[in-house]
């Protein structure tokens, strides 16, 4: 290995890929760059990223992008128009509202659901899992019993029951999905923690005299994080689908909110003659959750070279 | 000579299986003490029980005049006793840079001048500052083991436990690590307890050696006795013969 | 008599993201019915040399050689199927760790029988009889019992014996042993080597013994190849080991601590870039 | 060495029986606490639901005094913990009460609807496993090839598509436009009274009674929802198969098998797959459990008179007895399948067998 | 395709919770019992202001208007083969009153109680049944009530054979359940069809009653398949998997009537759709706001789209066809006027309010549309969807702001609707008569008495006049925004002969339907 005589220009490729970084930042950026390179080799993953960036963009600029008012329709004149008619690119629904505009505004709801569920469920799962895995003993037993109970519940039924109990609405749907989606994270985090728990590098940290909380927080959690991120990303699709399923059963977002699942549900009535009313939001869901899946898949390969077999 | 570490009748039981069976060992200050034995004889278990990574059920442990029970060790214990593990690939956190690895003990024990200490520790183990911000996967096995040694030494312990520190390394690199350890011991007046299955390494590094078999110490002899083949146990002889290479008869 | 194995200018390289990794760079040697040792530090290409001969290199690897013949077969020309017929029957390979190289869900007996039945048309009872005999030959006391055991149920030494039995059951002419004992305890290691040695001597096989332990190789083999960075830097007969010329070989010999020897500090290897050229 | 070997096994042998005893005890404890938890959570959700259970019994238009009387009959005036205690006692004696929706005992209802769900989930899992495993193996063996990409995309789309939507479109195409499959439902009404269910598994019943026309009709009904569920489990199974196979194929024993001169086919389909099968069984069992409990939406779309639909209907009608009973049944099935896959794991993996 | 002797109907009947006539009070159940049981009298399908005899051959009303004497037709039998006697009729009244289930008030409002019912409703002889009421009600009222399901005659012998013993209690003083458990899913009637099976949310199966005393039905079997979705019903109808689709939505009706081989039929029903403003909400309690809401519904657009074919715009509380029903539709969408009114109420900037909406069409669609038109006047409407039981629970507890729903007449007499919309004797939360007026905390003042008076008015014309007046009052100041009256529609295969819908839910008879 030759030692570079002249240090590479900061932020250049060489600088990032240098195997003797000279600062913490360079090391961190270098690592990120390597992951990015591995990730970006995967075309499908890039496609997924693109889809999600597009989703973010659409959500951010929904007001500008939407050609019509998503909530006010023209019942009398513009009901159930086919795609393309009268400037309604994707047609109109049974209230005479522009489907495209509703889809555009609905992206916000989708993002909201996804982000909130991730923000609620993932940390809960991570904490429960790592604590339980690291502590072992009765802490583990109690936490895992609770996890088991939630796992044994039929997911959608529990979500249904919760929404029925709390009343329909997007917030409650989010809560219900979050309540049903943390146990798998806890399981993963626990399993991973258990493999690390007896590993030598954790033993080494213990030998430094680190307290259990420090070990869990600073050493175990970061390790579980990448597989958790992958899992959460992959689960996003499932979350979107569950939210849509709740919406479909009428328990998600209330009308007139343009939630995609609820849009399918209301479009379902016209599927025979006006297929687009139900088909369009379905495509939107498919594309976005495919985006998340592609991204998660790419992340898995990039973050976990073993899984990708590289 | 004063006793740095004393283990009395230590017993460790895993699910009804006695990995250590009433083991007693005394190591005096400044001594280098070796432990040999076949795989599964309980060498690592002994070290882990001393450091509190594994609880021992019976027996007693005295380090530097203070006695410890099977379970708890306080922070000051870890400033006295440090350990280097066998597998250089497994003992470094895969997501942390060398810098972060060395920082951790300093933060825990509240050292000041962390930057200087890290730089000095790296110098001491023969790794320049160029290695400071590497991740462990960017290091070779020998370099990793140096980092592990640096990490153990950075808190300035008095006793260093070494669990087969070179068995995963090539012979040439083993020599470098052994030299490094010897140097450190001399500079810092450390007490070593070194586990190995290689009698050559033990006889090179240690003054006394305990031979373990199936969880028990079968005998403890000075290294010179090994060289002169003065020992009582047949098992020790078998180990010795085997370590001399293959012999066609 | 033509040598059993003739390797000339063997090259193995792996295309990776960081560019082409040349694992083996022009290795040449001949092997008769003798014990040849290959030593070298980790990553020097010992295993890749052995695997290339067996045809077990990962599919993405690029292999080339001026000459690669086994007995009267030109290995470079053979089809995959023909090479497969050679493997296990005429040339075999014992891997490092029995824990990983035996199929964990098959009994030991079945795995050995499988080798036999792949290459020879033998009935079940005959196969079993031969396998039992083979197990006995590798000094397993209770072959009937071991036959029915799963790999995890036997100790490392026992597993390695089974592995040897599996590879020798068809009576190959060439055996490549890739660090066959480095996962074992020293005392067991000697026992297993003893068995291997005896079988090679009795059956007149050619043996390539790969190890990073120069002392072990020199006591076990007739001839030693010393590899460094994918090349053979020196070829010696065991007897002349101490006359090694290459500084790398000398370094390897010197840096081992010995019982009853007092060199403080130990001499270490100073790697020279030109060695790798 | 032989001596130390037997010694070790002897020592292990002593504790084995005790450890097995502990394991069984632990398992029973798990089951018990899980049940208790299930019961508690469902019960309290049931009580929080802002629906007056009395209304469910007497209907929308009942006069006030009738509603009040039913409330008393149901014990709704009692404190919550007392209600739970009563419920617990009944549930433990196998009595989940009467469904107000169907007026049958909940258990009777479940016995009727659950086979439908099992039938559907079984067909789905069979389709998923029969297609998914080979696809996954193929993808792993030809990693990076076009086949791998195709399998990956098939899998990802399976993960991404809303099942109710796909079901709708499939119905539109295969029923409305092409008329290849039968109307949503389990069996044509024509046959509803010409054939007598015995086991509740209609396909089995029809085959045993040699009612081929009924069987054909059943097939036309189950094929679409079955394939749909099959697709979803295929997505999951093929993916996991691929990853397990990749893992196995990189193991040393595969190299050893090649060194023995085995053919690639035997190495892949026998050695690697046999090892991958060990975790795969769990995956398939999980996917089966998932289909059993997660087919609510499919059952809704395809009017499949199964447990998912039953629970959803009950939930919407505040029929809490039915919801609680159904949930507990699904929960126990989940626990049961987990246990079963554990047992299968043990039999498939010799390493866990004797440990 | 469906068998030739079997009629298969796709129908959403998730409201059925019991098939016991003494307990059933649901719309779907009414149709099933109507085809499987007989009552003393029934509506005259050709002139709904009249009743005709079913089991009764003739009847007389005493001069004081308190005693009704019914003479049964000769040779009547139950499906079981047992003869129908006046004893069975009396028993049917007795068990309905004593069981005291949801519909029992229809009979008890005539002064029948558990203690006196055996006296007041009794068999004078084999074929004479005498009913004594407590007040001289308008006979049209009494007879109309007797056409409802609760007055169905059950087979006393069969029922009592299946009755289960009960331990008497404070609430229920009798030692028998009068076959209630049995009849929930069982059958003991005399109609042209007998009930074979009901599986909740799956299927209702009727079979021809071969012991029917009248003309035997041509169909051997009638199957109702539970199908929730209009699109699904249409699809099945088009593919020949069902013969009749009963819950069609506007678009699908259009498609079916355009399709070769399929037909539609319709009949107005006594159900009206409305939304109501809870007077406990101080904004909604302002009279100007109430009026403004009536101007903030786009009746025309809704009529042309969302309810096209399944309803007609109707703004008064009496459905067309009932005595005294008025067809006034004075309101139409007028945002300006509404804004004016709101300004007058001091709410020029609008306000926020919630609406409980059950998850069914067309209610949801209408709610969403109203949401949009309200927004034009600055009123922010939040829709709280829920299933029927949920919204109803809230409605009955007077916890809603706005409730949108429907009201179907309990029996074919104006009093049913008048009572609920205009009667509220006790507007406190403890009020026992939970009429719609009460639920919306509306005190209709003098209207309560007028409603009572109409009940005793023997002269039909005068009675009608009272109801017209009541409707006018509610139209002006009632907190009810009534939108449309339901029209029931069925799409059917033209292989069917004589398939017709009746004027009410319990008159959708099938005994004359046949199939080619």
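Which chain is which? They are A, B, C, D and E, in the order written, and residues in each are numbered from 1.
Definition applied: contacts are C-beta pairs under 8 Å (C-beta built on N, C-alpha and C of every residue); 3 or more make two chains touch, one makes a residue touch a chain.
Keep in mind that this is a model prediction, so the values were computed, not measured.
Stepping chain to touching chain, what's the minimum from chain B to chain E?
Minimum number of steps from chain B to chain E: 2.
Find the chain most remote from chain B, comparing centres computed as mean CA coordinates.
So the farthest one, by centre of C-alpha atoms, is E.
If you tally the C-beta contacts, which comes out ahead, C-D or D-E?
Pair with more contacting C-beta pairs, C-D versus D-E: D-E.
Grab the C-alpha centre of each chain and report whichever is closest to the global C-alpha centre.
Located nearest the centre of all protein C-alpha atoms is chain D.
Taking each chain's centre as the mean position of its Cα atoms, how many Å separate chain A from chain D?
Taking the mean C-alpha position of each chain, the two centres sit 25 Å apart.
Nearest whole angstrom, what separates the Cα centre of chain A from the Cα centre of chain E?
Measuring from centre to centre gives 49 Å for this pair.
How big is the gap, in whole Å, between where the Cα atoms of chain A centre and where those of chain B centre?
46
Which positions in chain A touch two or more other chains at once?
In chain A, the residues touching two or more other chains are 164, 167, 268, 271-272.
Going by the touch rule set out above, which residues of chain D reach two or more other chains?
In chain D, the residues touching two or more other chains are 49-51, 176, 316.
Which residues does chain C have that touch at least 2 chains other than itself?
none
List the residues on chain B that touch chain C in their complex, please.
38-39, 141, 170-176, 178-179, 182-183, 197-201, 203-205, 226-227, 238-248
Going by the contact rule at the top, pick out the chain A residues touching chain E in the complex.
71-73, 75-76, 79-80, 94-95, 164, 167-169, 250, 254-256, 266, 268-274
Hey, which residues of chain E end up touching chain D in the complex?
Contact set of chain E toward chain D: 2-3, 6, 8, 14-15, 17-18, 24-26, 100-105, 171, 184-185, 199-203, 205, 223, 225-227, 232, 235-236, 238-239, 241, 387-390, 392-394, 396, 410, 432-434.
Hey, which residues of chain B end up touching chain A in the complex?
Answer in residue numbers: 48, 51-53, 73-75, 77-79, 82-83, 85-87, 90-95, 97, 99, 104-105, 108-109, 129-135, 138, 148, 151, 155.
Would you mind writing out the residues of chain C in touch with chain D in their complex?
51, 54, 56, 84-89, 92-93, 95-97, 100-107, 114-115, 118-119, 141-142, 150, 152-153, 155, 157-158, 163, 166-167, 188
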